[in-house]
Amino acid sequence: MPINFSPSPDDLLRFSPEIILTVAGTLLMVLDPLFAKRFPKLFGHLAILALALATWGAVAANAVPGASFSDLLVVDGFATFFRVLVLAIGILSVLASYRYLGREEAETGEYHALLLFSVVGQCFMVAANDLIMIFIGLEISSIASYILAGYLRDDKRNNEAALKYFLLGSFATAFFLYGVALLYGVTATTKLDEIRTALNSPAAVSSFAMVAVAAALIFVGLGFKVSGAPFQVWAPDVYQGAPAPVSAFLATAPKAAAFAIFFRIFLTAFQQIAGGWEPLVWISALLSMTIGNFAALTQTNVKRLLAYSSVAHAGYILVALAAHSEIGTAAAMFYLAAYALMNIGAFAVVIHIAGKGERYLKIDDLAGLGKRQPGTAAMLTVFLLSLIGIPLTGGFFGKYYIFQAALQSNLVWLAVLGLLNSAVAAYYYLRLLVVMYFNEPGEGAETLEPLTPGLRAALILPAIGTFFLGVVPGFVLGFAQRSAALIR
Amino acid sequence: MDLFFFVLFATVAVLSAISVVVQRHPIASALSLVGVMASLAVLYLALGAEFVAMVQIIVYAGAVMVLFVFVIMLLNAGAEERRGRSLTAHLLGVPVLIAFLGLICYFVQREFANAGFMKFGNFTGGSAQSIGLALFTDYLLPFEITSVLILIAILGAIVLARKEMD
Amino acid sequence: MPDALAVLHNGVPISWYLMLSAVLFALGVAGFLFRRNIITVFMCIELMLNAVNLSFIAFANVHKQVSGQIFVFFVMVVAAAEAAVGLAIILTVFKNRSTLNIDEISTLKN
Amino acid sequence: MAFYIISLIKIALVAFILLTVLAYLQWVERKVIAHVQVRMGPSRVGPHGLLQPLADVIKLITKEGVMPPQVNVFFYLLAPFLAVFMALISISVIPFGTQVTIGPWTTQLQLTDVNVGILFLLAVSSMGVYGVALAGWASNNKYALLGGLRSSAQMISYELPMSFSIASPLLIAGTLSLRDIVNAQAGYNFGFLPKWLIFAGPFPQVISFFVFMIAAFAETNRIPFDLPEAENELVAGFHVEYSSMTFASFFMAEYANMVTVCSIATLLFLGGWHPLWPAAYGSNFVAPAILFIAGALCIYHGINPARPFDRYTLPVFGLVFFGLTALMLFPPVIPVLMPLFWFLAKCGFLLFVFIWIRATLPRFRYDQLMGFAWKFLFPVALLNLLVTGLAVALGH
Amino acid sequence: MNLLDLVIAIPGVGFLIALLIPRKQEQAIRIFTLAVSLVTFVASLGLATGYKFGQAGQQFVTNVVWISNPEIHWHVGIDGLSLWLFILSTLLTPISILISWRFVRNQPKEFYAFLVLLEFGLVGVFAAWDLFLFYVFWEIVLVPMYFLIGIWGHDRRIYAALKFFLYTFAGSVLMLVAIIFLYNRAGTFDYAAILSGLQSGKVTLTHGEETFLFLAFFIAFAIKVPIFPLHTWLPDAHVEAPSAGSLMLASVMLKMGTYGLLRFCVPMFPTASHENAPWIVILAIIGIVYGALVAMVQPNMKKLVAYSSVSHLGFVVLGIFSFTQMGFDGAVYQMLNHGISTGALFVLVGFMYERRHSLAIADYGGVATVAPWLSAVFLITTLASIGLPMLNNFVGEFLVLQGTAQANFEWTIFAALGVIFSACYMLWLYQRVFFGQTSDEVKHHMPDFNAREWACVIPLVLMMVWMGIYSQTFLPAVSETNAKILEQSKANTALQVSLPRREPNAGLTLAAGGHIHAH
């Protein structure tokens, strides 16, 4: 009974980003004891190299779309989009990490290895066509993230962040898994397209109640992962407690990947019962936006504020999910890209101003940044304007597309409430601007060090990206729309 | 016979699970959890999943739970003082949970009441061979990728729990 | 509800297994919500995963497929990795705070 | 119905024999070590101290059990029970020989044949940690706790190379059933070289065997790996607070574990009940010959007694041995008894090795012990597994 | 790429270049931005000369695809409604730069750059012919103004800036909902296409939808105008803003609201606008009276002018919702007038603040004796503002009142009250500031105009006079376009209205409506 199962070159190409990243991650682990003391920055460079190579791999894989490994892995536009997105987030996170790690005198090798592994998980998730694969990818991404959240293990905030992230993340995973189990019970498969086929058959109608229960459970699980209300409780603590570059990463990459599978699962597998889950998403979207924005209003810690804002942004993307249309998917993809850029940019500024031991995290510590470092302040302004949704920034078009999708799906009230929410959100983003430009410099600004090249890049690249998305959104949106057509 | 075993071990499992939840001492909870796992392993055997049943014992009961016990001992974690979470949590949580349970049970009963009957030996696909074949053909990719998971776990344990070198 | 005779004749209905699984899952959730020792809370998560595994195995029996068991296999691997990392995190928390009470580990906020 | 009755009889038989063997293993150990150290060993109770085990058992049972005040009673009592339970239950899947047919009834010389038998053994042995760990913890004594922690860490660490070393023969045999593994080792190369996995196959499992044995020492907490109970550091480790029957339980568990691992080694590597050379070359006469010599020696010493008592006891033993010799030569039982003999002989030899090593080697230091497991044993076992896998793959 | 594109592009490009100039080169930045704005102004004059009168439609059209999906066009053009507002923006920008010449010491680079960016947004708003593009420019305007108030404003600048931003933003997101909704229905953002679609019945809206859309647009514009209960941001913003900010805010940005009402609300949703006209008119009248009364009791010059804006803009809204040709014409003309005269007031108040460092009326008195030219110009402006014949406001107010009278005479009475009140508070202000005892502080710190300041006020005074004497330069273009808008709003009404409702303006509209019904 010799088994001969050897992947074809196409299979390997489709899988190449993960291979590259895994190999690189392992390499970093191996090199860590050798070079950690002498060349602490080497690992960052290597990580960027690996991520860039993987991006190339992901793009190359898009040239040969299709399913591989007994249909477990599907490379399509959707997968490629999110792969490139999480890889880009990875690069930006690494860029933003250089200074931070140096300042905190943290180990660099393991940090970057974990980061790469986390990205592996996300790449894997977004290209998966099977719930179990998604589960494994989700866990790879999550477990690496748990560790990253508590990376500075002598820091109490880090500990707490890691613990909360871990406990609630695992809890969510269990729900997700239970949903998968029930779904498997009904349809005898975990492949998304087969589930869809199974549910399309007339006989399946009687099982819709069961499928709805499964969908609800999966929704709970994924809701936790994307920090959509009412499952957002962990997000503020985790984003506040984790090391700043990790928070930047956590608020973007895992979220993007989780949303990717959210869309894939709900639009592919659960399309048949869309009427059932739409109200659920509707409520969650509204709650996320409202809770996120109103809670952010009273925050004084920048990281926590950004955390609540990320909850609110998850709400906007859930609006797109509630629309459950092609255009909604495309809108969410676009929004996630824009959101990732502006959020990482904002966090990069936080990293910059935080100082050793993250002492300067109060909003007031931003005071006088506009005078001290007008360049940095200008970048933050761009990101904040984008977060508010001012035209010519990516955030604006993101919001626009999402609410267009919502209106097209007749979710008028959701759109109105969402947009009013974004007006509320403007208030707390503006508060940052106010402090930064209008207040006199405080202690934090006094000790501010000049921008390092890594951080500079982590600011400028997202800023360029934000403008790019804001001025010529067609490029990204076009790709997103072509891809979105595939997952329906 | 099937019924006898099911009732026996289901009862053990449920009682142990209750014990996990209500025991005040973490060690007691941990051992109760081992009890759950062991009785589940027996049920797995009955369902024709002998390989998984054994792996359940080896990995879960024998490794994961030992790790738990180990950590509990290491930290010398004492019993929890009996001052539960806030009253509202109980007032809200218990009915919601019961409703959740009732819902699932209702739907399961409705959907799968006649889905099949477990008779020992009616399914023999759980041998090591068939599992291995599946793992190395259809599920090769996830199988390989779980190695990354293990790698992360090792790395994480090193990062978080190693001694300071200097 | 199949009558007792049918049970003796046909074997145990699969739905009983599934209900057992649901009960265990709910107990795990209850533990997660009401317990305060971190380790116990974590164990309750493991209990939930075990409950899910039972469902998978039961469904594998229903569908006469091996894949359900494969999933359990993966879940176990994940649970093991999770346990290693989770316990390491708990250790670091304990080292810095000398408590395992989840309510006392809530200092973040402003 | 017959199935249940036969099973019950088998269980009773095995339990009785096993418990006796365990008790006498203690005697053998003391005797062997004594002789290694040029002493007499137990010799007061009964001829050659043969009744010593019995006396020990009576002593332990009748002694007052001390319940220290600080212990956690439930777990304190649960721990020895667990230890014994886990140690004894693993015997249930070990095959001792081929099948027996008595009249209309046919049965295997094995309590139950599980097709994942080896996994079952691993599972049970992995559960064995709980007994030790709990005992250490429940005693509420720092020595005991340290001992418990050490031993759980040690057992977990060594379980890994052990599993790997078990995997290699499994790969070659292509089954997880212990009986099938032994059956796979039947036959001879060139007509006389046994196809035991330690010798033959695509890749001889010598390394595997040694790794297994080393890990087995650690798993059973035997010297040189008996750190959990290191007298000079930890007083007596995890069972320092135990006395009378509870103490005896741990003792019994340790010996039962020894028997188990020796049986596994025999089954996996040493061809189980297959003789060292083919029956055609007279392997069937080994057992009678040994018994005969033993009987002859007894008679001889009975005639020339060293002690007055020997005049009566040794001839009796001699006669028993002769009787056994005759039984072994009785053709109808040969197919049953010969495999049993070979199995017990190999197993006994390995047990002797255990005792021998205890008499010879000093104890490891704790960090050396862990380092050895992870840095040496584990890679070696892994490498061996890889090579074996390759060999098996190429062999196909 | 025609002249209009160029005019819009110059400040945009100028802004980017200004950002590149090193921070130290303050003078270079000033001169550069002034040059940019002057060039823009001159170029925009080319639009006026090139504008073909007698054609109601848009001119200088450029229509190219900006974003392909959803199809968003760079569709800009000028018609009679926007032409003068457009030029007003380009005229006032150099003036705002000039008046800040010496006043702004803190971070001048950003200040001037923001002014140019503001201009870019403003001209874009008036030229945009694509709803989406309109929204983009609309929002762009917000950002520089926010910073202008927040960084260079007075003591309570932060509060004022936030209030300004949030009010406006909240309104504009509603507008965004409406725009998206329209896009989903019509499949295009193109204003003309949507309008013709609505009129031809290709795009149908239910009554509820139309009301919803109307209200969404209306609230956004009403906040900007500001209409009575939504006006509270305005006094704060005006008072706290630097002179240049107040100038741009009062003169141009408020017009964005009224422009929007006339451009979008009325023609696109005629039924809803007719239906809602009664209460809107009431709000406008309340605004007129209330603004005037509150202005009367202000101790602070800027606040006084700010409340007077509320009052004046009430006229504009009144004119628009009278749905008469004269009302429309008057409204548009009043927008321009208000831009010039209130702008001039802010300029002058700014000059005085530069000298005396106070805005409190009580701190002045007898300025006329020390600064006669200043007093003279202020007087002209005051008179223009209260609507003295031969000066600009008179024409606008007259037209509005007449238009209102055509629609409903009762409204006119209330509106006329506003005119009277405005005379009261303006003249009283003038009296308190320029006449009476000259205090020492005033005496020593109140030099007369210098050349730069002359350069600022002369164009404004000229415009006041020109617009007051020869309104025919401006009105024909406006009227043509307004006639078309009026036509559109009626035609549409006739097609869609099925519900019986009380028609406030008995004359024109009913007749026309009835006529078409008869078909």
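Labels for the chains are A, B, C, D and E, by order of writing; each one numbers its residues from 1.
Operating definition for what follows: a contact is a pair of C-beta atoms (placed from the backbone, for glycine too) under 8 Å apart; a residue touches a chain by one contact, two chains touch by 3 or more.
None of these values were measured; they are calculated from a predicted model.
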Using the contact definition stated above, find the chains touching both subunit C and subunit D.
-> B
From subunit C, the most remote chain by mean C-alpha position = E
Does A-E or A-C have the larger number of C-beta pairs in contact?
-> A-C
Chain whose Cα centroid lies nearest the overall Cα centroid = A
Distance between the CA centroids of subunit C and subunit E (whole Å) is 65
Between the Cα centroids of subunit A and subunit C the separation in whole angstrom comes to 27
Taking each chain's centre as the mean of its CA atoms, subunit A sits from subunit B at a distance in Å of 30
Hey, what residues on subunit C touch two or more of the other chains?
-> 18, 25, 28, 42, 58, 62, 65, 67, 70, 74, 78, 81-82, 85, 88-90, 92
For subunit A, which residues are shared contacts with two or more other chains?
-> 132, 136, 139, 143, 146-147, 150, 153, 162, 182, 185
Once you've mapped the touching chain pairs, tell me: line, ring, star, complete or other?
-> other
Report the residues of subunit C in contact with subunit B in the complex, numbered from low to high.
-> 1-2, 7-8, 10-20, 22-31, 33-37, 39-40, 42-44, 46-47, 50, 53-54, 57-58, 60-62, 64-67, 69-70, 72-74, 76-85, 87-92, 94, 100-101, 103
Of all residues in subunit A, which touch subunit E in the complex?
-> 370-371, 374, 385, 388-392, 396, 400-401, 403-404, 407-408, 412, 415-416, 419-420, 422-423, 426-427, 430-431, 433-434, 437-438, 472-474, 477-478, 481
Contact set on subunit B toward subunit A in their complex | 103-104, 107-108, 110-112, 115, 133, 136-142, 145-146, 148-149, 151-153, 155-156, 158-160
Can you check the complex and tell me which residues of subunit E touch subunit A?
-> 23, 67-70, 107, 110, 135-137, 139-140, 142-143, 146-147, 150-151, 157-158, 161-162, 165-166, 169-170, 173-174, 176-177, 180-181, 183-184, 212
Which residues of subunit C touch subunit A in their complex?
-> 18, 21, 25, 28, 32, 38, 41-42, 45, 48-49, 51-52, 55-56, 58-59, 62-63, 65, 67-68, 70-71, 74-75, 78, 81-82, 85-86, 88-90, 92-93, 95-97, 102, 105-110
